[in-house]
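There's a structure below that I have some questions on.
Which chain is which? They are A, B and C, in the order written, and residues in each are numbered from 1.
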Amino acid sequence: MNTKAYALYKKDLYSELRTRYAINALVMFIIVAISVILFSIGNEKISQNLTSGLFWVVIFFSAMSGLARAFVSEEERGTSLTLHLIAAPSTIFSGKLLFNLILVFCMNIIIAILYAALFDSFVINNFALFVVSFILGNIGIAASSTIIAAIISKAGAKGTLYPVLSFPILLPLILTVVQLTLLSNQGANFGDAKFELAIVFCYDVIMLTGSYLLFDFVWKD
Amino acid sequence: MFWKISLFIILAFVSIAGIAFPIVPVPHTWYEFPLIPGLKENAKIIFFHVPTAWLSSIAFLMSTLYSIKYLRKKNLDDDAKSYAAAQLGIIFCILATITGAVWAKFAWGSYWSWDPRQTSIFALLLIYGAWFALRSSIESEEKRATLSAVYSIIAFLTVPFFVFIMPRIMIGLHPGAESIEGGKVVQTASPVVNFKMNGNMLAIFFLSLIGFTILYFWMWTIGYKSILIKEKINKQSIQE
Amino acid sequence: MSNFSIKAVDLSKYFGRRLIFKNLNFEFENCGIMGISGANGSGKSTLVKIIAGIISPSSGKIIHSNGESEIIYEKLHNYIGFVSPYLVLYEEFSAWENLEYFAEIRDVKFNREKIEYLLNKLLLFDRKGDMVKTYSSGMKQRLKFIFALMHSPMFVILDEPTSNLDSAGKDAVFQIIEEESKSSIVIIASNEESDLKLCSKEIKLEDFKNSK
């Protein structure tokens, strides 16, 4: 089961490297989004509250521009029938989730590095807390956006629908991780943040199990 | 017929009582409401605002329950029921948002201030909006039913998070709102913390709640039956 | 040799509220070729997709079994080979890469001899390293047969197997169908006389249409 999901992930990875369906646009999107924010700030000194919020705004919209790929590319090229014939739904969901997880992590690490380099007020005082909340937040984004990608791949108007459907689902997660990022910027310790960390952890677990169970219905026509 | 007349009487009474009964510092007779410090005449919105907010959540819950039922049985009638519930839900949700915002202008000084419950109802509006956007973009009936059912279940999974995190992140302004600080429940600095209704106010409040709930179920029954009839007519016109 | 069987019990399918077919029953055992015929739009493709487990019937069920035991849905895909005009392989990979990935995702042994034999038989061996997007539609159709047969499935489901093929391709395909039918169940959905001539049993979808 795990080797099959990994094989599917490998197929997607090589397909992505060959077609550049998502990567190029995604990288450009990150650069554009960050520079728009930099231009609009100008020489103003902005508060930590705002920087940690904007950080997750960039991540949210980058995720929305790239993560739908996993299912939309299969559906658009008509290869989802082929996938149906070679793998069970659980394998497909695990493989696609793995691909999205890796993509989210690569993308967000780039965003975090650029962000830390370009924004003066983005100073992380509790690095361990930042890393933990960053990892948990990424898992949550990957889990929710994978199942929403599966839903919209079967619908029309895919591109515009994706952020519309994802935002209400990701809203509790984003509100909490913004709070966590702010706490880590202020140098709070783990004790202060345990409530938020627990919320994000629960969100990840609930979304992973929920989407895993519901994927069968989305996938099978 | 009998219950329709009684529903009319209940709602007529609630409307008259809710608007016309005077608010006095010390109530003497059954038709006088007590004065709540900080709310004054504004308190009367409770008879109309709270039922709409309540019904928008009930409609969301029913829509999700029929979605689950649809996924289990694959009967398109359940999808029609879920759709009818959501249609009413979005209407009540908009009503609750507007009545709340108008009230907030007078009670808090601004139409919108991201109070936890305002944020939650905003999220609910977004979910309803996304749900209808999803439905309108899918042609095939079965696929539309399945995908929207899955989406409403996923959206429903996020509800507990709104309940838990909102009070923590934002300051509660709602009358009777409490905020969780480090796990302890404390009263917030909202203008009205001591929100107490007396007997007759409570009676009218619950009467209003019951009346609106019956009204909702009546509208819902008409709603899904009309969807089923419309589908039947469509099918006949295709066959002929 | 094999002890596989496929059985449909009161199979019905509606799209929305439109009837496709109703109360379809059949049983097919061991090996041989079964045909499904019907006019365009009569639901042949729908029926073969249901048989392949890609879509579910509105009511009734389809049972694939191995001897006495039923094959569960999670495992079914490795017992099925499927060819149809609307099947699309990954165009950015070569034929050989496609087949390698499929074997890996299915978690079955990459049967090199069988694949090379089929590539030769279907006149694709020299082009196996080329991207699928450079293939003509007839070549793609032939590659789909290798995709369907590489893991030696017990149920081979062919939806319009000879579409887009030239006469040499058709002959090769007919030979392969004959060979496969000795060891597995082959189901052909088609309107072509030449395809249906091979079948020992035929289901006419027109017989399952009456809505009363």
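Basically, a residue touches a chain if its C-beta (ideal position, glycine included) is under 8 Å from a C-beta of that chain, and two chains touch if they have at least 3 such contacts.
Computed from a prediction, not measured in an experiment: that's the story for all the values here.
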Chain labels contacting chain A and also chain C:
B
Considering A-B alongside B-C, which chain pair is linked by more C-beta pairs in contact?
A-B
In terms of Cα-based centroids, which chain occupies the most central position?
A
Measuring centre to centre, with centres taken as mean CA positions, what chain is farthest from chain B?
C
Would you kindly tell me how far, in whole Å, the mean C-alpha position of chain C lies from that of chain A?
38
Distance between the centres, which are taken as Cα means, of chain C and chain B, whole angstrom:
52
For chain A and chain B, let me know how many angstrom lie between their CA-based centres, rounded off.
32
What residues in chain B touch two or more of the other chains?
142
Multi-partner residues of chain A (each touching 2 or more other chains):
221
Enumerate the contact residues on chain B facing chain A in the complex.
71, 123, 126-127, 129-130, 133-134, 137-139, 142-143, 146-147, 149-151, 153-155, 157-158, 161-162, 164-165, 168-169, 182-183
Once bound in the complex, which stretches of chain B touch chain C?
74, 76, 140-142, 231, 235, 238
Which residues of chain A touch chain C once you look at their complex with the stated criterion?
3-4, 7-8, 10-11, 14-15, 18-19, 77-79, 81-82, 84-88, 90-91, 95, 220-221
Touching residues of chain C toward chain A in the complex: what are they?
49, 52, 54-56, 73-75, 77, 80, 82, 86-93, 101-102, 104-107, 147
List of chain C residues in touch with chain B within their complex
15-18, 58
